[in-house]
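Presented sequentially are two complexes of chain A, the first with chain B as partner and the second with chain C.
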Partner chain A sequence: MTTYLLRRFALGLCVLIVSMLLLFVLIYAVPGDPAAIALGPRASEAQKAFFREQMGLDQPLAMQAASFLWNLLHGDFGTDILSQRPVADLVFAALPRTVTLAVVGVIWAAAIGTPLGIWAALRPNTFIDWLIGVISTSVVALPAFLMAIYALILFAVMLNWFPAIGAGEPGDLLDQLHHLALPAFAIGVAWVGYIARLVRVSMLETLAQPHVRTYRSFGVSDLRIALRYVLPIAVVPVISVLGVGIGNLLSGAVLVEVVFSRPGLGSLAYDAVLSRNFPVLLGAVVVTTGLYVLANFLADALIAYLDPRLAEKG
Partner chain B sequence: MSAPVLALDNVSIRYPSAPAAAVRNVSFEVGTGETLGIVGESGSGKSTLAAAMMGLLPRGSCVTGSLRFEGRDLFGQMTERDLRQLRGRDIATIAQDPFTALNPVMKIGRQLDIFQHWYHDRPRAERKARILEMLEQVRLSDPDVRMQQYPHQLSGGILQRVSIAAALLAEPKLLIADEPTTALDATTEAQILGIMAEAKETLRGATVFITHDMSVVERLCDRIAVLYAGELVETGTVAEVLGNPQHPYTKALLECDPARIEEPTSELPTIGGTVPALDDRPAGCIFEPRCPSAVARCRAEAPLRHDLGPRRSAACHLVTP
Partner chain C sequence: MTDQTAAAPRAVKAERHATLRRLLGTPTGAVASLVVAAFVIAALAAPLVAPYDPNAIDPINRMQGPSAAHWLGTDQLGRDLLSRIVFGTRTALYIALTGTGAALGVGMAMGMIAGLGGKILDSALVLLNDSIKSLPLVLFALALVTIYGASVPALIVIIAISMAPGYFRVVRNQVLVLNNADFIVAAQSMGASRLRLAATHMLPNLIGPILVLIAMDIPAVIGIESGLSFLGQGIQPPQSSWGNMLSEGYTYVRQAPHIAIAAGLPIVLSTIAFTFLGETLRDALDPRRAVRT
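And now, the complex of A and B:
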């Protein structure tokens, strides 16, 4: 178990480093002169040259990448070109909001999707199974930003039930929750369908395993078998799929944050793209990638706990 | 004999959407303290009968005739819930494949405790003591260690001992073992049969032992029911049927039993031909296409069951009381 987790952890680190380098190269390959953008159109050539030297932009790309990684290791994410504030400050201020949004989005989706999937699996090929199938398939294709726009128009603008923009007053938990509701709803809708379908298939597969019959032959009730003994096995593949899907969820969060003008990694990255503020963009993406790797590791750990066979295989 | 624990009377079973019944007009009884061996080739309906005795046929199966456990008709008077209350308490089973019969992600000890769920009014410590006692009875080494292990860490022989212990913990009045040794190698099989023989002695009720091996029947059973293509062709005590088989199919099975062949040959004799498919049953005697003694009448007319004594019968035109 411990070796399994260590191996998974090492794998996560490798993924992180490789994706950092890729990102770095991709972002700096984008056309446009960061010095010109940062200093404005009236800056002289000399000022721009000084700026490039200061930011290390005159170094070869490999050197830049190496020092970027090295600095990251020390918690130095670079400096915001526009405000001259450390990127780390901006990014870590935005991080908790995005994590909250993503986690609440997934949790409510799982809380609705899982029971729907179980229900459908317990009544396969009946009307209720069909109905749940239709609903979940039709919401799966809905993009989060589209849901965000519709939710915004309907619940915030027309009905005025929820605030339309921002993340709420700092320190006022109720106000923050009130602001969280619509974005979290928008992010989770597609996931309700996705999770319901995954859970249904996985439950049906597990219910067909011979050991389930053993419980029945000892007179354990069908509902108890499904919830207590089949579900913990059936969620294993669902969790690994979800771990990978966190990437999608985070990119959904980016757009949803933009729609709701909600401070977070998404809006940070979005604004940074518009202003070619590379250090901030890179910082936001680095942290998002870190979140992704962490989510995968947590999924692996949960799976290892639920299925001891996997952990032994390594 | 007192009232039988299990009595089947003209039982026919048809699976949902199957072209024909998998079991037809089967009747037999098993009394307290008796062990009935059910034998027959693959597809003869042995597992179907076992499922029916547990009330575990697939939803939508059609059962006719009566199948009584302690006088109560499992399919006439009992609800799903009543049936469930019998399982794991009055009726217990040992599965064929020990490798898949247990939950792969749960420790053995916890599973054995769950199987005792009808006895959960007993204190936890007492339940654990019973488990340990039972694991010792099935001659499991280090029962304490085994309880902390997962199924994939154990061998087939050990897993099957665990399954036997699980069934015995239920203190059943009817124990059903469906080919409990076919998934095991010969040495392990011999050990498991020994444990089964001992286990039977501790039971207060009846045992049904399903197998295709005549020598196992001889070793473990008091009575025998020979099934062919879903029909009961011969039944009686093991001594009568094996000592003086009446039905041509029983005779053929005995001739093919390796344990009875005196001179070892490189090739085992087999019964020529195959069991007819469900939707391709002959009109007359069901064994006619393969029967070495078939006469003209056999093709046209299905034989009735002829009683050859108390609880002894055979279904063949050539058999006369």
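And now, the complex of A and C:
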């Protein structure tokens, strides 16, 4: 198990380094003066010179790549061009809001999607199974930001049940939850379908195993078998998908934040695009990539704990 | 031997017919195929299908709700929303096809190299693709757009990079499986070159899974394009795109919510239709799977 986890950790680190190098190549492959392009046409000569010096643009390419990598892995993403604050401060201040949004979105989706998947798996090839299948397949590819706009129109503009913008008064938990409801709903819609389908398929696979037949021959009720013996095994693939899906989830959250004008990584990045504040964008990309790698490692670790056979296989 | 080779094309044809029958035989598959066909027709024949010029401004009739003259209403400049959606279909399908096409090209080349090349090359390419997958798509796209500017080619490059790992995985895994298949070993022992193996023996076996992946990726690409256009970083006005229309509708969401609602409809319809098409296609190409799951 330890070797397995160490290997996954090393692999995650490699993935992080290669993706940073990929970013470097894409940024420096741009024709012309990177400083002028990154900072936009309104940047002053002094700002450009500062940027060049900060990014080490006067050094050989290999050195630039090395220092680029070194700085990023240190959490040094440079300085915000507008406020002159370290980018890392801005990004790490915004990150918890976005992660909260994403986590709440997935939790409500799992709370609805898991029972739906179980229900469908217990009634395979019936009308209810078909209906759950059609609904979950329909929602699976719906973009979260579109759900956000529709939810905003229906529940905030027309019905006026929920606030349309912002994240609520600081310190007022109830107000914050009130503001969180619609964005979290929008993010979770697609995941309800995704989780329901995964749980169904993986429940059906587990239900077909010999040990389940043994429980049945002992007279254990179907529902008890499903919840007590099958679900804990069937939930493993869902965890690994959640690990991989965190990237999608955060991408969805970024757009949803813009729709609801919620402070967070998405709004930070959006403002950075409008003001051509490249270091902030780079910082947001790097931190999110790190989060993805970390989430995948945690998912691997959790799976290894839940199903040690998988860790043995490598 | 001669009999078999003569019968082979007919068998392939029969198999294709069976696939098509299975595709249209299920209600969801038939409806999905129809909706996708409608979108393709709307895109190809946009000037004939659209009731108005999508850019014709009519300030007197601005922000009108749905009516007999304007089925989906008009936007803030009085332009007909249905006509703009029809022309937006062109943009959406163009980006979806060129984007997935480019991703397919890049992913397939990498997958073939990884599958047929040595172990080190394979590991390196797997690592590269894992790394691409770890980049957060929207933020990554925004970062690139800041450097390269928002344009159609930039959008296609972003889609090609971020979607390529899916095709890489399918092609590489299939090639690795096929490497040890009897008919490949036989062709190899008869002196077939690697390039010939790849072109004549492996590619035909890849078409099915790749078609399924393309159908599944198109909704994702539509989502990316409309999302970036919504942020003003994708397709630039006045070219009509569903994302642009959503962005305008969002601006006037309190005065005229019907603009945003109308602009979202084709996104909802097309993503659902393409997803079902992909699902049915997958089941049709592999009937065993359809029965089992």
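Quick note on the criterion: the second predicted complex is superposed on the first by the 270 of 314 C-alpha atoms of A that agree within 3 Å, B and C clash if a C-alpha of one lies under 4 Å from a C-alpha of the other, contacts with A are read in each partner's own complex, and residues count from 1 in each chain.
Just so it is clear, a contact is a pair of C-beta atoms (placed from the backbone, for glycine too) under 8 Å apart; a residue touches a chain by one contact, two chains touch by 3 or more.
The model shown is predicted, which means the values in this text are computed figures rather than measured ones.
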Clash-or-fit label for the pair chain B, chain C on chain A: fit
Touched partner set for A:269, first chain B, second chain C, both or neither: second
Chain B or chain C, by number of chain A residues touched: C
Which of chain B and chain C A:140 touches, first, second, both or neither: second
Three-chain overlay, vertex chain A: chain B-chain C angle, C-alpha, nearest 10 degrees: 80
Touching partner for A:63 - first (chain B), second (chain C), both, neither: neither
Touching partner for A:254 - first (chain B), second (chain C), both, neither: second
Touched partner set for A:307, first chain B, second chain C, both or neither: first
Shortest CA-CA distance in Å separating chain B from chain C in the superposed model: 16
Shared contact residues on chain A - chain B and chain C: none
Interfacial residue positions of chain A with respect to chain B in the complex: 209-211, 213-221, 229, 232-233, 306-309, 312
Contact set on chain C toward chain A in their complex: 28, 127-128, 130-140, 142-148, 219-220, 222-223, 226-227, 230-231, 233, 246, 249-250, 253-254, 257, 260-261, 264, 267-268, 271-272, 274-276, 279, 293
Touch list for chain A against partner chain C, complex: 11, 14-16, 18-19, 22-23, 26-27, 30, 34, 37-38, 134, 137-138, 140-143, 145-146, 149-150, 152-153, 157-158, 201, 204, 244, 247-248, 250-251, 254-255, 258-259, 265-266, 269-270, 272-273, 276, 278, 281-282, 284-285, 288-289, 292-293, 296
Touch list for chain B against partner chain A, complex: 54, 56, 84-89, 92-93, 95, 97, 100-106, 114-115, 117-118, 150, 152, 166, 170
